[in-house]
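What follows is a short report on a single structure.
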Amino acid sequence: MISEVFITCALTGAGTAVERSPHVPVTPEQIAQSAIEAARAGAAVVHIHVRDPKTRRGTRDPAMYREVVQRIRESDVNPLINLTAGMGGDLVLGDPESPLPLNPAGTDMAGVRERLVHVEELRPEICTLDCGSMNWGAGSQYVMVNTAGTLRAMAARVKELGVRPELEVFDIGHLVLVRDLIEQGLIDNPALIQLCMGIRYGAPDDPTTLMALVHQLPPQAIYSAFSIGRMQLPYVALAPLVGANVRVGLEDNLYLSRGRLATNAELAQRAVEILERMGVRVMSPDEVRKKLALQVHV
Amino acid sequence: MISEVFITCALTGAGTAVERSPHVPVTPEQIAQSAIEAARAGAAVVHIHVRDPKTRRGTRDPAMYREVVQRIRESDVNPLINLTAGMGGDLVLGDPESPLPLNPAGTDMAGVRERLVHVEELRPEICTLDCGSMNWGAGSQYVMVNTAGTLRAMAARVKELGVRPELEVFDIGHLVLVRDLIEQGLIDNPALIQLCMGIRYGAPDDPTTLMALVHQLPPQAIYSAFSIGRMQLPYVALAPLVGANVRVGLEDNLYLSRGRLATNAELAQRAVEILERMGVRVMSPDEVRKKLALQVHV
Amino acid sequence: MISEVFITCALTGAGTAVERSPHVPVTPEQIAQSAIEAARAGAAVVHIHVRDPKTRRGTRDPAMYREVVQRIRESDVNPLINLTAGMGGDLVLGDPESPLPLNPAGTDMAGVRERLVHVEELRPEICTLDCGSMNWGAGSQYVMVNTAGTLRAMAARVKELGVRPELEVFDIGHLVLVRDLIEQGLIDNPALIQLCMGIRYGAPDDPTTLMALVHQLPPQAIYSAFSIGRMQLPYVALAPLVGANVRVGLEDNLYLSRGRLATNAELAQRAVEILERMGVRVMSPDEVRKKLALQVHV
Amino acid sequence: MISEVFITCALTGAGTAVERSPHVPVTPEQIAQSAIEAARAGAAVVHIHVRDPKTRRGTRDPAMYREVVQRIRESDVNPLINLTAGMGGDLVLGDPESPLPLNPAGTDMAGVRERLVHVEELRPEICTLDCGSMNWGAGSQYVMVNTAGTLRAMAARVKELGVRPELEVFDIGHLVLVRDLIEQGLIDNPALIQLCMGIRYGAPDDPTTLMALVHQLPPQAIYSAFSIGRMQLPYVALAPLVGANVRVGLEDNLYLSRGRLATNAELAQRAVEILERMGVRVMSPDEVRKKLALQVHV
């Protein structure tokens, strides 16, 4: 149990959620506005993807990131900015009888530099590294691909840029890779880790699996844990009990309660309400900065 | 704890072990001979890959499987034959700065029918399905790729062939996929599952992780658990304590003890010695057939 | 995870809490009033000890129980009444150099019939059985004593009376005794179990220990879990995530937040607030009766 | 996993095993002889109770301990001598309807000095402390009683005597008491702990419970784990996988295999065989002394 936690709000993701809720922000202006409102509601960290305003799906366009980040930095709130570097690891095979050639629709495999161009330009306090490859979602030919070699190169580059990587762990083997990156000197101590639970076909979100992940964490790690869909809010309560910080947001869950669509600010506020009623204090952005001993780049 | 177990011997695999031990069988004749000796030493199931006698690496050549299986079937032992269907899910990316195009050296992505052509012809009692995608091995650009869509198609095909699939689980999320396959009616009950521990970057082999996997198993599953390298023989002892059957063999471990290279028969015999000294009975092939209620194809 | 839970409010206990908070009810009238208010705030079950109004400590006086129960039954709320049968298992040894004779101050070892006289008379829907012996509290010569023989006799008597026993489990070995009572036919299925965590020197309240207890539960058990002191409210959130119902109340915790003394109603209301914000529905008394298929005695 | 372990042999205990096997040693001469043979077979530590040659049950008679210890010390083997200090914590209640007065038959509650008189005289390298109170055995009125106050006094006295206490843990709450003793400065670091599994009604011996205990251990603890009856030999294999040393012996288990009664030497030898076949080295007494940094008293 920890007595104070920080809340990350994952604002929009890159997926199809936008079709299921009008509250999922799409344009840079909408994403920035949602970030600002989530920060006012209690999120100390905002985790940011951007979307192409035309297709409304995720994009790696640096101009989009630039606009979002500038708008947040010019606002009257100062959340830690956490930019995804997960885009560019999408591989879609042909059908099961003809897996090759790859299916160009959906495949987006970028090189290390290209995946980090927005991080290089904008120097956020945090960017993510998705620490492995796995099937993602039922029934499809899609694989999230981040090889060990690519992750080592990305970690080295992020370190060079002076940005703190948040290591996204989707299954327990990904923690073995995290430990290897630390041993290889590619991640500074304490590592910042996000345990992403309940995503098909990564680690399920039952408490026994979560505890197995927690017992595999590297010493001194600062970590968060979340689950998706209807388990997002219960995980807000569970996280501090296992020593973890909290993540909410429309990337992972669209609902405040059954049938009631949420905004990011509502989810952040709900997290605050749950935590305070449990006796867990919610940290401010500057408290998180101090905790992470982050180098601030402005 | 279970009071009787069966031993699977994984004879050779497809990897580079052949360069590190003269006992790793390569030719069909060697592989069959090693299977026969392992069966005599106590293995009820032999798990078979084949190797190209020239390159000494794994191949999918049906003629090789045919020769191995015929030689075993003509022998005076009758182990259950378990043919890998894992070959054909190998994907190697270009380097981290240029992940595409794929690296043809090492990439072998086959369609479902092609991956099962030896199973279709030889109708072994068991064939494997590797239940997910993941990085495999440190530092490389290699990914083991088995999409959810491909696995559903493979499971359907294997069922059609009347062969019992052994579901290879390398991380805890793979068990979620196994459960989905069962719910979709693609796997007959009871499911036969192999928990493959300690392979980089799948589930590590600490007991807490193993217990998390065990608690995620589908009801009534018949399962085995093994780890690799120097943890292979300790896992022989651990397996029955968590309700699991046993796997040994040169695919996963080359040593009988520090510095002492093993044969498959020696590893099977060693497993028998450990199990019997713990009070665990080792099952014969026919007892395993009865337990699995396998349809025998000869 | 379960999507609906019931809340038990443990109103007063038998200990020294009364000296640390003015809100701990003492007289039968106070205890009944506190029960009624807790029920209005969301508690479906009220767990009742009584206190001697003079000494303000726990007593077994049936007249006290009678008054509390009558007042609740005559009120406009209808919580399930859960009477402790834990009193009468208190043993205090002499000092460490002279453990015998027993210290009469604090020793209260009653026979089975006597421990259940109030249960026999008042036929509550539920009474507790403390399922073992253990040290209770640091540094003292006190032992909570409930032998296996006594528990078998108590379970048989409670069954005869048509009352549902709630099996209080303070350490993991107590669950082994619970399973034995079930196997001996002394407890009707489904067993009603309370996992009491964090009491010195019973099971600590870390999540790994809790999961070990949960994995030892008998099949189909209906169970709750709570911890004490500042962990009471976090456990409200944790309980449904491990399939458990909830217990709050001044017997276990005096504070709503740091430095802010609580009433029973405030604790019950706080539990409701946490649960609803997590998406967990709180059950009414009649829903609990239906779930337990309790025989009602009025 | 640890790669080398020491074996403790628990030679005889105090219970009724003597009636079920002719190999359970009774007289000081027999016990010493069994210790010597167990040491020759691989036990680095011998855990010793003594029995009254007339009643054949456990006794606290210092003369018996003296004879056993002298005979071992004069032999050509030098195992670490571990004397029980568990005797003198036996409390038997009257029947369930009349728990008091205590039943003199079976009750043996001794003061701290008296429980340690043989330890004071003989200064073994190790003596045990049973770290709690609990029901022991099904259906009876017996309680093992070691209050928190008594344990603090015993720990202080044992420290004064310069003897290393082995902390016997029978349920998970006992580990909380162990941690308190360490925090109070009553136990020197590293603590020596024995996890005693499967004794009714202490912690059951399933691996999930064992892992919960292991996760509660104080940092740097040197610990062993065993279970009883038919689970003794499987636990020999399990122990090193969870970082634990090994205990066998007739106090806990009478059989080498189903229907085949064992001697202590046979059980020690069997443990060696299992461990060596798993690749785990068995430590000599002097290696254990070095590991424990024991002060030797001769």
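Letters are used for the chains, namely A, B, C and D, taken in the order the chains are written, and counting of residues starts over at 1 for each.
Keep in mind that, in the parts below, a residue touches a chain if its C-beta (ideal position, glycine included) is under 8 Å from a C-beta of that chain, and two chains touch if they have at least 3 such contacts.
Since the structure is predicted, the reported quantities are computational estimates derived from the model, not experimental observations.
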>> Along the graph of touching chains, what's the shortest path length in steps from chain A to chain D?
In response: 2
> For chain C, which other chain has the most distant CA centre?
Replying inline: B
> CA centre of chain B versus CA centre of chain C: separation in Å?
Replying inline: 51
> Where the CA atoms of chain C average out and where those of chain D average out, how many Å apart are those spots?
Replying inline: 35
>> From the mean C-alpha coordinate of chain B to that of chain D, what's the distance rounded to whole Å?
In response: 42
>> Can you pull out the residues of chain C that are in contact with at least two other chains?
In response: 208, 211, 215
>> Taking the top-of-page definition of touch, could you list the pairs of chains it picks out?
In response: A-B, A-C, B-D, C-D
> Can you list the chain B residues touching chain A in their complex?
Replying inline: 91, 93, 95-100, 102, 107, 109-113, 132-135, 137-143, 145-150, 152-154, 170-177, 180, 200-204, 206, 208-209, 211-212, 215-216
> Along chain A, where are the residues that touch chain C in the complex?
Replying inline: 1, 207-208, 211, 215, 230-231, 233-234, 236-238, 240-242, 257-258, 270, 273-274, 277-280
